[in-house]
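Some structures to go through are shown next.
The two complexes that follow have chain A in common; it is paired with chain B in the first and with chain C in the second.
Our next item is the complex of A and B:
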């Protein structure tokens, strides 16, 4: 009787019901696949029958484990890509944190000019798909390795060396630039919120500018920097498109490209195992980050009025430095977009003669002699299908992830401190650490067959929506937790006293008050999904093609004009949506990142 | 001697005038309070003197050294001004222990380790925090953090100590305790204290002089009791004192020297200035200010009023009186209480009632009052 009573009163509270439902659903969608993938690494897959002698599909085997870790070819299949991955991720972190940190310091602590412009330009590389810059790099610097030379060679006649055009160097530069905004936002946020008095106190006590930075500023920002380091590391590790574009001409392999090759090729068992390794690394990083964030609690100080710190006077360097930064930012944000536009009008890249320019790729009906008679972009029904699929997918993902994220936020904050709430909090963040492609691989393996009442989802649009929702839930749940947390419980309790129903409380009180953070919980999944490639690439089929996967195919075929035009499409959709939402509601992507 | 002279200091933030042509001299070993409502420019003033903020115009001298001059382009950084600063939120460095926090300033001065150790222990003993040396700020209570902040500020023996609302984050009991200790510290350290607060009681009880500011301008710069007894204008009169001064709208009814009569809607007074005053215009609008403790209650006064409400605190009782439509606040010392709505008589038998001009809000005279019983009509 007592138990029945307790259960009843437990379930009377909406936050408990939400908590319970979400725990069950997310366990199924996030935890269970992990077990499924472990199973897949011990299984014989149909395409591997040739190599594993005498085995039947589905048999238990340790073949994959042996050949990946201790086999004759494990160096090329696994260890070299692993080392490459770690090196790329480390170098990326270094570049991102250095650039982001320096920019953050300049913007928050000095009297540099164009602060607003710099801040908003700096967010662009993160909003744009990471391979935007990779493609731009290719447009500029590609050499004879892949046919027509890039713009740089066309203008100067200098052949770029391979190490400069492809492989490790450009990959780290591009990824570093892509994640620099991330570091900028995280470190800048801490610097901005950091009590200026902490530095002033040191100033009064006669510490020099450098000593203050070294002894006060950096130690206080350090947890944020380490946190940035870990998050950038895991993101860089799971990046696929950039190494695929920039690495493949010189056969520079990382784990993700290796994963794509093996899963799409003859040895999915290898692929699942590589995915597992990446997940383990991701999980370790999550643990590390949690420990760091936990430690940050000791950094809580008494809050008082925090006055504006006196900005460092850059004196003579002010104007030149401001201009240099601005030009640099324009170079990595606006210039690439212009090259895409220009390249999409050129028959062969690198040839600047007037007759080389044509609108064929945009409005042509398709000539048999150029690119297999593919019609121009604006007349190409496949492009429209892809665009429609991309937008439809992103809207659904954003609605689902945003709503679930808000519910997660509600349940976690309401039941703060309980084991269930902590579990849900971590569970909803976990997909962030799952490398996109590994996650795709998991869903591929898990939903390829009918499971219970869930039919086989492979090849359906639903599986794309499902994986997108789960993958971007971390963004949405962070935003949701923030929104509910900041609101405080009294606001809702005031309505409860009047007997307002839960649904009404959400719709009429909580959401309207916190609309900016709630919206960013919807916006981030949309934008991320719009530019996502590696998550979906293993799961799309010809009928569910989306823009990014088409882009990848065009790029593999060497149809640069189409690739360039598509990238322009995506960037325009993403940036204009961000701008509109920002103008209308004040929500913006940078508020949600890493939160 | 570390005398601080501020000449015509002005600070504008964009078009907002935070501090306007401030001229004050802070004497050596004084305990000066910058007092005023929030946004009056008191913290900005403090930050300008300490060098954390640069004035837009003006000059500042500390100890005969010109530390800031807009004309001569001099702007010494805080480190060169030999000052200490205690922040409202303490600004303890969260990543350093109590010991490291206090020692930091001494390390900057290149003191030897032995000297640093000695000084740190001296201070932690003085402030009774020696048992917390190894702890981090987050592991201390508000009061303990406050003491650490004081120790850190005092460590390099600054000649001048600036304090920005240092007690506002403490609870009421601790605040009174720290007030006592700050006053002791002022004597023991033999240095000049400049203290910012919006709490008039704190300013009254602690300082040797109060600089009362409003909207970026100094209203009155004088000893606490001087401001209390002789406020230069209405703002000063109302800001200092709790309960606040009673103000009655009156008109000048009769302006013969020796027979000045003031009339409010409910009362009729005869005013005798303590010193000479310029002649009032007949019909002039004035305000009559009466401190609550200068209204006495007695049963045998012909001036009758009603007890509207009482607030007994034990040590004293604040009584709100009603005469027709006028409410007056009086303070009666001792633990007496009065039944609400009972009748009682009041007496104005003091000689420091203040008269303000209603339009200029200036103090025009102080004097004694007689209540004239209103004749019918």
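Our next item is the complex of A and C:
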């Protein structure tokens, strides 16, 4: 009786019900697949019949483990790409944190000009598909190694060396630029919110500027920097398109490119094993991050802010520095977009003769002698299908992830401190650390066949929505937790006293008050999903193809005009949505930073 | 031998007026649409004329060969409907992973039974595709290389281009065929002709030795043959590389202003060629429309997108190659043909060997 009574009163509270349901669902969608992938590393797959002689599909085998870790060729298949991956991720972190940190400091702590423009421009590399910059790099710097030279060589006559044009160096530069906004937002957020009293006190005591930065500012943002480091590290580790484009001319391989080759080729068993290794690394990072965040909690309480800190006067350097930064940002954001637009009208790149320009790729009917009969972009029904699929997918993902994220926030904050709440908190963040392509591989293996009451989802649109939702839940649940956390208990309690139902409390009170935070929980999944490639690439089938997978195909095939046009489509959709939401509600992903 | 039989065939079979039976047309029209996965992108052009002729809507999806096999095998294993019929390449895998498990079958239109040579009917061949050594004809007025072993010498370091064989199955098939007893013997003889001495082996045979040689000579890999052709044929840049890639890309020469020529006299082979297959999926929703489209693709009208330029040859011998192009018969004497059986047995060994050296 007592137990029944307890259960009843436990279940009467909505936060308990939410907590319970989410724990079960997320365990099924996040933890269970991990076991499924372990199984796949011991299985013979149909395309391996050629390789593992005499075996049947589905047989148990230790072949994959042996070949990957101790086989004759494991150095090239696994260890070298692993080392490359780690080096790329480390260098990317360094560049991203350095650039993001410097920009964040300049925008929040100095009197530099064009703060608004700089902030908005700096977000662009993160919004754009990461390989936009990789394509631009190749356009500018490719050398004779792959035939027609890039713009730089065309104008200056200088051949770029191989190490500069391909491989490790450009991959880290491009990824570093892509993730710099991340560091900018995180570090900038801390800088804006931190108590300026500390710096003011130092100033009063006549400490030098550099000394203040070294002794006060950096130590305070250090946890944010470490957090950024771990997040960027895991993102860079799972980057696929950039190394795929910039690495292949010099045969530079990382784990993700190996993963794609093996999963799509003749040895999926290798692929699943590589995915597993990446997941283990991801889990280690999560543990590291949790430990750091746990420490930081003790002094993260936001107090009443003191008056604005006096900004560093850049004096004579102000104007030139502002202009240099602006030009630099324009070079990595607007200029590539313009070149893409122009190139979509050119038959062969780099040839500026008038007869080389044509609208064929936009409105042509598709002729076998130019490109293999593909109709122009505006007349191409497959591009419209892809565009529609992308938008539909991103909207669904954003709605689902945003809603679940808000519920996670509610449940975790209401029951904070309990084991269940902590578990849900961690569980909902875990997908962030699963490398996208490895995650795709897991879902491929998990949902390809009927499981209990869930039919085979392979080839359906639903599986894309499902994986997108789970993958971007971390963004939404962070936003959700923040939103509920900042809201005092008393507001909701007051409503409860008046007997307002839970549903009404959410819709009429909590969401409206915190609409900016809540909306950013919806916006980030949308943007991320719009420009996502590696998460979906293993799961799309021809009827569910989306813009990014088409873009990747066009790029690989060398149909650059189509690829360029699609990049423009994606960027336009994402930027206009960001702008609209920003104007209407004030929420945006660069919220909390900027002059 | 087989080729000359083919030539005789062409000469003595009078061209027939082809027409699909009205029953098939009606059944196909009732279905109203058809979905195809294809390794050739020009399917889009054929789809358009087919739509215009029969009023049947076509969804044509262009996939890479390994992608196509991957999709069809997962759709087959999970009983998911994706396409009604497929145009696939990479014979070893098509036999082993698609035909053997029963995911797709051949349908030879009744009219075609007496036209298409018997050896191309099971499975039904759609076309032959050629890949040849190509050079920039502005940089060199005539080919400066005549023996594949030269590609392993200092002069051609970083100047031999090839599409990543792990990105397209047929390229891996070619490398596998290079290690076959037949081709490796030819390579051995070619080595002697070029270097004037017998080859010393550090690997199982001369085929492996050649693969090792080109990799050590900094082979450059591309992700697509289109990209390769576009980059190789640029004028005014003094491009002095040699590529082994799809011969039909030479069709871009005029429109894209490219200088490209094949090296027909390369010893002991000038490249390779391989078939593509027409197969109906076992769970096709529109089998009649698929049959009608297949029949259409085997006619002169339906094959126009391919025969309208060089480099692709129909399995229907009545369809003549593009004017000025070599016949398939000429190609078959200088190119390496893939043998599904040999590939099925040996390709993974070659891939592993490749993997061990390339990265």
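We take it that the second predicted complex is superposed on the first by the 573 of 595 C-alpha atoms of A that agree within 3 Å, B and C clash if a C-alpha of one lies under 4 Å from a C-alpha of the other, contacts with A are read in each partner's own complex, and residues count from 1 in each chain.
The criterion applied here is as follows: contacts are C-beta pairs under 8 Å (C-beta built on N, C-alpha and C of every residue); 3 or more make two chains touch, one makes a residue touch a chain.
Quick caveat: nothing in here was measured; it's all calculated off a predicted structure.
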| item | value |
| --- | --- |
| Which superposed partner A:266 touches (first chain B, second chain C, both, neither) | second |
| First, second, both or neither for A:405, with chain B first and chain C second | neither |
| Touching partner for A:51 - first (chain B), second (chain C), both, neither | second |
| A:201 touches, of chain B and chain C: first, second, both or neither? | first |
| More chain A residues in contact [chain B versus chain C] | C |
| First (chain B), second (chain C), both or neither touched by A:73 | second |
| Contacts of A:189 with chain B and chain C, given as first, second, both or neither | neither |
| Which superposed partner A:220 touches (first chain B, second chain C, both, neither) | first |
| Residues of chain A at both interfaces, chain B in one complex, chain C in the other | none |
| Residues of chain A that touch chain C when the two form their complex | 46-47, 49-51, 72-73, 76-77, 80-81, 144-149, 248-249, 251, 253, 261, 264-266, 347-348, 350-351, 356, 366-375, 382, 448-449, 456, 458-459, 541-543, 545, 553, 556-559 |
| Complex contact set, residues of chain B against chain A | 43, 47, 50, 52-54, 77-79, 83-85, 87-95, 104-105, 108-109, 136-139, 142, 145, 152, 156, 165, 168-169 |
| In the complex, chain A residues that touch chain B | 195, 197-198, 200-208, 211, 215-216, 219-220, 222, 297-307, 310 |
| Contact set on chain C toward chain A in their complex | 35, 37, 40-45, 48, 59, 61-64, 66-67, 69-71, 73-75, 77-80, 82-83, 92-93, 96-97, 101, 158, 161, 164, 166-167, 220-224, 226-228, 230-232, 234, 237, 239, 241, 251-252, 254-258, 305-306, 308-309, 344, 347-348, 351-352, 355-359 |
